Amino acid sequence: MTLLDVKGLTKSFGGLTAVSDVSLHLDDNELVALIGPNGAGKTTLFNLLTGVIVPTEGTVTLQADSGLEVLNKKKPYTIAQAGLARTFQNIRLFKGLSVEDNVLIAMTSKNKEGFFESIFRLPSFYKKEDELHQQVLDLLKIFDMQDDADKLAKNLPYGAQRRLEIVRALATKPKILFLDEPAAGMNPEETADLTRLIRQIQEEFHITILLIEHDMSLVMNVAERIYVLEYGQLIAEGTPEEVQKDPKVIKAYLGGEA
Amino acid sequence: SSSATNGGNKQSGNTIKIGGNFELSGAAAAYGQAMQRGTELAVSQINKDGGVKVNGKKLKLQLVQKDNKSDNSQVASVASNLATQSKVVASVGPITSGADLAALPNYTKAKVPLITPGGTQDSLTVQKNGKVQPYMFRSCFEDSYQGKALAKYVYSNMKLKRVAILADKSTDYAQGLTKAFKKEFKGQVVQVQYYQAGDKDFNTLLTKLKGKKFDALFVPGYYSEAGLIVKQARQMGITQPIVGADGFADPKLVQIAGKKNASNIYYTTHFDPKATNNAKATAYMKAYKAKYNEQAGTFDALAYDATYMIKDAIENEKSADSTKIATGLSNLKNFKGVTGTITMDKKHNPQKPVIIAKVENGEEVQATSVK
Amino acid sequence: MLLQVSDLAVNYGVIHAVKGVSFDVNEGEIVSLIGANGAGKTTILKTISGLMRPASGKIIYEGKEIQNKKSQKIVADGISQVPEGRHIFPGLSVLENLQMGAFLRKDRDGVKADYAMVFERFPVLKERRDQDAATLSGGEQQMLAMGRALMAKPKLLLMDEPSMGLAPIFINEIFDIIQAIKKQGTTVLLIEQNASKALSIADRGYVLSTGNIILSGTGKELLANDEVQKAYLGG
Amino acid sequence: MHTVLQQLVNGLSLGSIYALLALGYTMVYGIIKLINFAHGDIYMLGAFWGYYVINQWHFSFWPALISAMVFCALAGVIIEYLAYRPLRNSPRIAALITAIGVSFLLENGMSYLFSSNVRSFPQVIAVKQYHLGSVTISNIQLLILVVSIVLMILLQLIIKETKMGKAMRAVSVDADAAQLIGINIDRTISFTFALGSALAGAAGVLIGLYYNSIDPLMGMTPGIKAFVAAVLGGIGLIPGAALGGFVIGLIETAVQALGFSAFKDAVVYAVLILILLVRPAGILGKNVKEKV
Amino acid sequence: MKKNLKYNLTWLAIMVVGYILIDVLELVGVIDQFAETTLVLIGINIILATGLNLIIGFSGQFSLGHAGFMAIGAYTSALITQAIPNSGGMVLGLIAGMALSALVALIVGIPTLRLNGDYLAIATMGVAEIIRIIMNNLKITNGPAGLYNIPQLANWSVVYLFVCLTTILIVNFIHSRDGRAVMSVREDEIAAESMGVNITKWKVIAFVLGAATAAIGGALHASYIQTIAPNDFGIMESINILIIVVMGGIGSITGTYVAAIVLGLLDMVLQNFGTLRMVLYSLALILIMVFKPSGLLGTWEFSVRRIFTKLKAKGDA
């Protein structure tokens, strides 16, 4: 079943067309990778899909419970509430807040605490807070971060920060998760851990994942399907095996050995 | 839960403590510092002359002064500090009406009279129900008093029928003057324009006025802006008389305007050493110059008088208790001050002659006493 | 010996990030520092460049102690750096960024020749010459950071994870470029997560773990080392 | 018609004063993102310096002007060294509070030492009025106008063309990276303060001469107006500061000329807010959206 | 659940004990009129500064216009209590002041809160100045002379009560879903939005809430000082409140308390220094900021929960 359908998505910055007429689709519970040379427009595509920037042209539709939902031109928070979550290429955690708060914030829209309920500290407030606290701990446990709950995000080591970004995105209870270079700055061992984790998330949460990554060991290991972008255009699509052999991809991206 | 309900502060020991609630910093510091100088001069002269006579004994004055930052919260705080901690029996200042209003509740609670050298707002001395404020006094004119006098003078003596007004919109002083003037003036007010205290450039407003027909320009406001207005008006070729109130009565007006520009200027004032035979004023100006090495101005003189009014009240009542001083102040009669001979009216406003001074080429050339 | 670091210790407040590290770099070499996240690699480079002061230890460059010198003096002496996280100047164009790289240089002709050299090495930068550097893609910014460092015409080039975020095809190219830089006579001190690539082009290497050097040797030796294989090469 | 022309002249000459002050404001902001609240008070120092040297040492105009610039440059550098440098790596708002503290200190220190009285500035240049048709303009107005324009061009050249100017831009966007290419941050920032404060010093003497009235609090209101002007034009930009200054001068004049003088400042702020809503980074400012 | 009850009761106890303590000290004469004035002024500053801290410290929006909202509260309640000079009027005045202030904050907040950093600061400063100028020109506000003879319905216990109420309001707000959403805006707007947080909404809510508490502070000020004028609510007043917030530590309510008290006491002591007063004050300000750039307490917060946990840990050991 097609979950997200992207048609003719285009974005130009002044004279430069960073994303040009891209059409793609993501199916339910699929793990797809997006690769391409530096500056190909991958991050821009993520930004378009999540509403951080507004497309010049094209449509994005989501198969929501209530039928089809058009997402382009919507605000990022509505898109996030509709079930699209992401991580950032340059980590953007809430640095000055605790790990737990980082995750709790992602639950804001699903959290039904009322203003007066919390101002007056009604018993129901504590009940809801306790439940949330438990949910956060459960999530953190999956990533082996339960002991970091009270630490400030900025004090976490780099690798842990990347993982926290993923936890935070998951806490929005997304249908689709976009990961922008989750393995950047990790050493091979950490990357291997991450690979396992990504698979686990996909299964456990039954979500669709679209992943940008330059580390081919990760991509070829987990992706079911791969899109390849160059100069803003899709130049190839297929299984890892197909893509790896594609001469266009080799020439533009993989290079001789890979 | 107050310790001062027993009837005000009693004088004790060999000194009489009076308070100074002064605007020494903040926006009104220039006025507050003038008030400080006038008060200090008066206190030192009184003490040099032996002090204040109470029941045959001569007691020295002690001035307890505090800075209120020209901030109303601090004004109130200083008032309670002076009244309840220092236990002063009377207070000089604050000098601005707004601050007086903020200080008054605390002084009233402690039954300590407050005498302001500069709070000119009409309603300052009356309560909401129309009764007089028992502990509020002033040594200056109230706004309407001068406004009226000026309006009469312009119409009747100068025979000018068309007046343009350039008023300070940010002070109640200027607003009060404007209102009183407009009410009293029998001629025509052709135009009213506003500026804000602190403005420096009046060319736009003056250009606008220049096109209108008027016989005199009335500038309710203080010398710091009025000086600039005179200067810019004259440079622009506005030659009509410029009239003002005691806000003009400071040597700085001429300094800022420049001698040549300061011509054809009329203003109401309290004291005038030159034209009248006021020996007190002349002596004061000399003493002031000797002590501070600069020319005296209105506000220091008013503060000086305020201090002497307290002395007078004490000596008349033969007691330096705060409630007695209040009584003494409300009964003040024919007090000979630097700023005129003062009699306190029922509303605690000093009755004294208004003098109209005329300035030509930076020099005061004429002074007329009007009623 | 071009650079000699001895017993270097650096703290962030109470955190001891580098705890008595010694290593050296000979003229004309590529020396690689590898180590896990948080091992203290970036901190060492910052200290060499004079952005941080060591708690103890010495840094000797061309026979002179530089650990207490100001950064501009160190740059003037010929050490330049491609910092972690790129730190290009946003708001300035690509070309202006490169100009800034040559800030201390007085030889106009040399500078001109070097623009050409950089543009040749990184053709994308030429295409994006007048674009605001802030809007470059991650990889493009990395190239710009390298180009800018080269514009200073350094004797010693410090590189902090230059391959981070680069496409595979470009990673190879980057390492080629590093080798080319060496051939031109510039000495390189290289920090990399991509340990296998780094060690394969390095003359010598050091392995850093929580602020201490635990292994050293030639690039080949380290590549073959079991421990290194396990911990850093995913083997 | 001739009043309109005259009002235009009035507006421009008022605007040139705001512009002159805004230039220094914007320079300091441009490099360390500090709202230098004390800038207006440096201007006051310049005016008092001019007052002093003309009265006591009988300086003529140009020596007074130049010595005031030097004096203020020094004052600026010292203030930066003592009060702002220790806070360079602190939150910006902490530095702002320190700047407010410095502003209070200068205002009240001067008031303590020399009393808060208004005093008249010695008239070293005799005022001459030129009548061009029906429009009157004085030699001092012209002088201010010319000086602000010359300074603006000069500053723009310094920033765009000189090495120091480039260093200033680099430091302003990324101080660490600037160090890595060999820029001396301390010197660059000191230089900026010196330049900005020298401008304020020049403004102090010129405006003192023009209005002939100076006092320790004289920097407060113009300081805030200059800040508004800088923001209106696009803070950190030299032409923006000049433009902002002229726009405010013209608006104030227009409002007064139309008879709403009581609402002069309110209109200025309202226009400012409206412009910011349309152009969130000021008239000339580029609204750079962060790349994600 | 029991634990939470314990914490809340402890807080309640602290507040009641504080009240009784002041009351007793007043009865035995340790706190005289002057000390009481000082306490009340500190209390009002706490109310003003906690509200501003919510806006600046927690939502990260740099507002320089707090005095404007304070003015709205002050004028509204002063006019109402002049007409109805009893506690009913006071309550009505407070509610009306808060409502009006919140309404104005809503109207100006929605468009202006899109601005960033210093641009927002100057826009809010402009709003406050416009409010002040309007007060200066309206008939009902009595122009530059302002309002006087305002009945003194706010004594120290009323101020105390409102210090407690606003603190509870703001602290509870911060430590809830809403407060976290507000803080995420401060930390990173783009990330917050991508996590489903409607940043405009939360910015405006924090701004409106802060404005409403500013109105409380203004109303109490008007009632206690009994006179108000437009000039009381100028840029300097906004700056004075800002100073409390920053000096205490941005984002620390405890810090706001400490700074308000320190500055209040400083104000009290410095009265005696005459013209030197503000010189000393500014020196103190500069020195504190130079030596404690993150404010007296940084982001540290007093917490009953933490004390209990510590005590428990000790007991266990």
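All chains are identified by letter, namely A, B, C, D and E, in their written order; residue positions are counted from 1 within each chain.
Criterion: contacts are C-beta pairs under 8 Å (C-beta built on N, C-alpha and C of every residue); 3 or more make two chains touch, one makes a residue touch a chain.
Computed from a predicted model, the values in this text were never measured in an experiment.
J.: Which neighbours do chain D and chain E have in common?
T.: Common contact partners of chain D and chain E, which must touch each of the two, are A, B.
J.: Determine which of the two chain pairs, B-E or C-D, is joined by the larger number of C-beta pairs in contact.
T.: Greater number of contacting C-beta pairs: B-E.
J.: I'd like to verify one number: the distance from the centre of chain B to the centre of chain C, where each centre is the average of its C-alpha atoms, in whole angstrom.
T.: Between these chains, centre-to-centre, one finds 74 Å.
J.: Any idea how many Å lie between the Cα centroids of chain A and chain C?
T.: Once rounded, the distance between the two centres reads 31 Å.
J.: Centre to centre, by mean C-alpha position, how many angstrom separate chain B and chain D?
T.: From the centre of chain B to the centre of chain D is 36 Å.
J.: By the touch rule stated above, which residues of chain B touch at least two different other chains?
T.: Those would be 25, 27, 29, 33, 169.
J.: Counting only residues that touch at least two other chains, what does the list for chain C look like?
T.: In chain C, 135 touch at least two other chains.
J.: Among the residues of chain D, which ones contact at least 2 other chains?
T.: 108, 111, 262, 265, 290, 292
J.: Touching pairs of chains, all of them, please.
T.: So the chains that touch one another pair up as A-C, A-D, A-E, B-D, B-E, C-D, D-E.
J.: Chain C touches which residues of chain D in the complex?
T.: 163, 166-167, 169-170, 173-174, 176-184, 288, 290-291
J.: Give every residue of chain D touching chain A within the complex, in rising order.
T.: Touch list, chain D to chain A: 289, 292.
J.: For chain C, which residues are in contact with chain D within the complex?
T.: Spelled out, the residues of chain C in touch with chain D are 49-51, 70-72, 75-76, 80-81, 83, 87-92, 99-101, 103-104, 132, 134-135, 148-149, 152.
J.: In their shared complex, at which residues does chain D touch chain B?
T.: Chain D reaches chain B through residues 3, 6-7, 10-11, 13-14, 17, 108, 111, 115-120, 123, 127, 129, 136, 138, 207, 211-213, 215, 217, 220-221, 252-253, 256-257, 259, 261-262, 264-265.
J.: Where on chain A is chain E touching in the complex?
T.: 50-52, 75-77, 80-81, 85-86, 88, 92-97, 101, 104-111, 113, 115, 118-121, 123, 125-127, 129, 168-169, 171-172
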